[in-house]
Amino acid sequence: SPSTNPTAAPTPANPNLILATTTSTQDSGLLDILIPLFQEKTGYVVQTVAVGTGAALKMGEEGNADVLLVHAPASEKTLMENGFGKDRFLVMHNDFVIVGPADDPAGIKGTADVVEAFNKLASSGQTFISRGDDSGTDKMEKSLWVKTGVDPSGQAWYLESGQGMGATLTLASEKSAYTLTDRATFLANQANLQLSILFEGVPALLNVYHVITVNPDKWPLVNYEGAMAFANFMTSAETQVVIGQFGMDKYGQPLFFPDADKTDADLGLN
Amino acid sequence: MDLIKTIFSDPEVWQITILSLKLSGLGTLISLLIGLPLGTLLALGKFPGRSFFMSIVNAGMGLPPVVVGLMIALLLWRSGPLGSLRLIYTPSAIVIAQTVISAPVVTGLTAAALQQLNPRLRMQLMGLGANTIQVVGWLWWEARLSLLAALMAGFGSVISEVGASMMVGGNIRYQTRVLTTAIVLETGKGQFDFAIALSVWLLLLTFIINMTLTWIQQRGVRS
Amino acid sequence: MSTVLEIRDLQIRRGKNIMVEVDHLVVEQGEVLAIIGPNGAGKSSLLLAVALLLKPARGSILFNGFKITNNSDTQYRRHLGLVLQEPLLLDTSVFENVAAGLRFRHTPRPEIQLRTETWLKRLGIEHLRQRPARKLSGGEAQRVSLARAFALQPDLLLLDEPFSALDAPTRLRLLDDLHDILSETDTTTLFITHDLKEASNLGDSMAVILNGKLHQCGTPDEIYSNPKDDDVRAFLGLAAN
Amino acid sequence: MDLIKTIFSDPEVWQITILSLKLSGLGTLISLLIGLPLGTLLALGKFPGRSFFMSIVNAGMGLPPVVVGLMIALLLWRSGPLGSLRLIYTPSAIVIAQTVISAPVVTGLTAAALQQLNPRLRMQLMGLGANTIQVVGWLWWEARLSLLAALMAGFGSVISEVGASMMVGGNIRYQTRVLTTAIVLETGKGQFDFAIALSVWLLLLTFIINMTLTWIQQRGVRS
Amino acid sequence: MSTVLEIRDLQIRRGKNIMVEVDHLVVEQGEVLAIIGPNGAGKSSLLLAVALLLKPARGSILFNGFKITNNSDTQYRRHLGLVLQEPLLLDTSVFENVAAGLRFRHTPRPEIQLRTETWLKRLGIEHLRQRPARKLSGGEAQRVSLARAFALQPDLLLLDEPFSALDAPTRLRLLDDLHDILSETDTTTLFITHDLKEASNLGDSMAVILNGKLHQCGTPDEIYSNPKDDDVRAFLGLAAN
């Protein structure tokens, strides 16, 4: 590696870079590893702002961030189509799982298909906690309900927490309820929870992360060089290795799977 | 403009508003019921450790809502000692947390206000045959300007607080979502316009309430 | 005639120092005792101690033969009418100030009305009835303070320089009035004054306090004709013999 | 126990602690520099709209940190009118937000404390030949108990606040992460033990600071 | 002899009512004017207006020939020594209370020390030097208030019932002292008193204020021998003729 020596770090013309990302990425601890590496390598000073997915996208849309790391493919598409994002790179994925009380009163364990699992949840009347915050997770959940044909909103068994994943998991645990979560956050919180993974491992439940650079044509103040440097860093072979190994020591399994060499289509996204 | 219309025609906004006012009102009331007597005791009583206790109360004015939220959640979670009460994620839990936050404010400011009074006034009242309650009643009256300020500060700390309500209330839609937690949610969603509209609405409510209290307060100014 | 107030071996400290010492002092029913002495002698402190508003370091105070303790303080104080040196009025109307003590005693409303009005009139402040007490002249405030005490029809009146801010005609009239009222109602009274003439005119007896000590107590005649020591003589402005 | 050791041996905790104290101290100081004169003016001045302005200030005691955070973010974001100042996600932004939160508290409580004083005292001071500054200085001295309580309430609102610091500071590691935002982060990560340890540490700091102020305050009690 | 203070067509309101009206009043250099009148007549209000602490509704006040306005108020007040009816002491030591006015004027330290000590001694409170002012007896507090005004060596002394709480011997001594000091230093003085004897002894002239109006102004002899109307006569306690 040619430029790991900090004294030799290059100094970019505009070193300040604002990265808007979602709380779940920050809460997993991955960024605590990656950001220092990036700063050391490139000389940029990153201001990582962890907010809700919606807010992160909005920050991109209004030019208040230079680069985004998000996981809401549908909304990302809109952002790109409206010209607010310039480039979009596939970085990594993990997956969503359905968690709930270990005795699984709704009986979703062993169902073959996620839509069936959701149908069972709806018909069982067991409490389900939705994040209801327009986050990537929330959007995934909503899209699944659409596929079931059930409109859960306003139902007595359907609670909207309006909070981040960690808090929502705690809420679900306290209420002995089901919820949809990304695997990383669940693993990080597992010790405090009385919840088990009851449904997992289908392609429909992939949680895909992209890096998006904000379009400097729309917002001239945006640090596009920095954004590209970050995108390149995230998709570089070295970084991809780091991502693939993150979490192995603590959980015995990786929290994210590197995807820079793949395309959206490979992951079943259209 | 459109947004304002949207807000007021949205029944959910009204439900959240009413819940916010109910919970904050209750929290302030309980803080008052605790803080007024306790502050009075600290100001007028003579007992060992008074000054130390006063420090605790004053330090309590800086209780971070998130810390309060976390502590109370630890108590109320199923795994906690009071888990069997099943209070977590209920409006009651919010009221408890808000009381913990604002009671020290009311207590500390009450104590300071009463200590500021001329100590001979208390003698004069006792000399007129007032019993303890009557003495305290009149001293409250004499310190009413500062006590109303204490009330406003207490109410302010409760209506504006979000960390604790979020944590122990859970921000559950239709159940424990209040104005501040709704604002946080909308902000997180990137719905800045809606968040601002809710903020303005919350500020307006606070302003109306504190304007009423200020009006009461300022009628009592000595000139 | 019975003893209303008896003070035994009283010692009052303020801060570290002994401020007042009274070995023995007796006030009989209906007696008017004038307390005189220089500034800082301890007159006000003695009065506060009698009202149980200062805790004595030692000694006892007997009221109608019973030793008063902190337990019975409010009950005891409801027998008193107290006018402090500065008229500490409550931040309300003049009427409510005068009525305050009666309200504390849960006196029936019409009775409160009656007594308050009577004393407002007697002290020439009935036109100030609705005035906020903070908007009074010095003399008016003192009158309110006096009315407030008199309206209680107390068994024991404690007055600390109650006429110092009154104008000359009022003062003369009130002294006359008071003499009659006190003997009429047989009210035992302790009053502090700096006016030696006032002391000997109104007082059945006089107590001379110098430097925290009760030097002499007796009728005005006794004291003037036979002052106990040079200090008393000097204070009264009598030539040394 | 182990956790306490971990905390104190972690240089990052120290960095966060020092930053928190620096920013809160600065925020409180600026609030004092604004609130003390402004509260004095409101209490002693006579001008049209005084009472209305007083309402605004008192309502300001209930400014929700999240709202303040959102408003200031909207100003300081690149898309906002002050975006070119490049203050967003800097410690300065946090100080600005904290000042906006605590200045009304200090102002409102200062005004109430001064209005509570005997108005003739001011006359007496002027009669002694004091100019305006000298009058105000002595009135502050006479109201010192309540003013110190105001200071503590102001500091308390600043050190405990999280919503605004999060929003305008961004909770950026080594740059704008303060104790309260760190607690939120650790809570979000499910690291409750660490979050609690940080909470206790924050409470301890607040307690020590307010105990010192209480000690100063209580020396001045009239007996 | 020059005119120090001249009041023209003065009208003071408190609330809605006209409280004091003075058509014309002149005080010459070195003159000691005693202001007398019943409680609530408006004496204190007049004094406050002269000190520019109450804004008159109408009229003007001239000091050494210059009309005083709100713009020059602090400068003007630094010529004054003011003792209000209640001794409003600052919550600090007795010494600092007496020194306060001098500190406001940035008087040099040694001078402050000297003057303060002088007046503490003269008023017999030098032993209270370090005492917190809130721990004083009524008379002691009044002495501090007096020392505070005298230490300023003012051109114009304004005293509102300054001796009401002093004990008899001190009062007599101080009145004697004061007489000498005032004529020695040629200090123009307005003082309010309820003691008519005091007024005619200390005052070169007297002003009788009744019900908010200046009824008569003149030397004590003039007023006593030739009271202007029945009200003045009644107030002075003279038989109607």
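Each chain gets a letter, A, B, C, D and E, in the order it is written, and its residues are counted from 1.
By definition in this document, a contact is a pair of C-beta atoms (placed from the backbone, for glycine too) under 8 Å apart; a residue touches a chain by one contact, two chains touch by 3 or more.
Keep in mind that what you see is a predicted model, and the values were worked out from it rather than measured.
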Item to check | Neighbouring chains common to chain A and chain B, by label | outcome: D
Item to check | Shared chain contacts [chain A and chain D, defined touch] | outcome: B
Checklist entry - Could you state the distance in Å from the CA-based centre of chain A to that of chain C? => result 82
Next on the checklist: Need the CA-centroid distance for the pair chain C / chain D, whole Å please.
Outcome noted: 50
Item to check | Euclidean distance of C-alpha centroids - chain B vs chain D, Å | outcome: 17
Checklist entry - Using CA atom averages as chain centres, what separation in Å is found between chain D and chain E? => result 46
Checklist entry - Listing for chain A: what residues touch at least two other chains? => result 59, 167
Next on the checklist: Can you pull out the residues of chain D that are in contact with at least two other chains?
Outcome noted: 118, 187, 192, 222
Checklist outcome for this item: So chain C residues touching two or more other chains come to 86
Item to check | All chain pairs that touch each other | outcome: A-B, A-D, B-C, B-D, C-E, D-E
Checklist outcome for this item: Contacts from chain D onto chain A in the complex sit at residues 77-79, 83, 86, 88-89, 170-173, 175, 185, 187-190, 192
Next on the checklist: Under the definition above, what is the set of chain C residues touching chain B in their complex?
Outcome noted: 48, 51, 53, 73-74, 77-78, 80, 82, 84, 86, 88, 90-92, 100-101, 104-105, 134, 148, 152, 158
Checklist outcome for this item: chain B contacts chain D in the complex at 51, 54-56, 58-67, 70-71, 74, 105, 108-109, 111-113, 115-116, 118-119, 143, 145-146, 148-149, 152-153, 155-157, 159-163, 167, 180, 183-184, 187, 192, 195-196, 199, 202-203, 206-207, 209-211, 213-215, 217-218, 221-223
Next on the checklist: Looking at the complex, which residues from chain C come into contact with chain E?
Outcome noted: 14-15, 37-41, 44-45, 85-86, 135-140, 143, 160-161, 164-172, 194-196, 234-235, 237
Next on the checklist: With touch defined as at the start, can you tell me which chain B residues reach chain C in the complex?
Outcome noted: 118, 120-121, 123-132, 134, 138, 141-142, 222
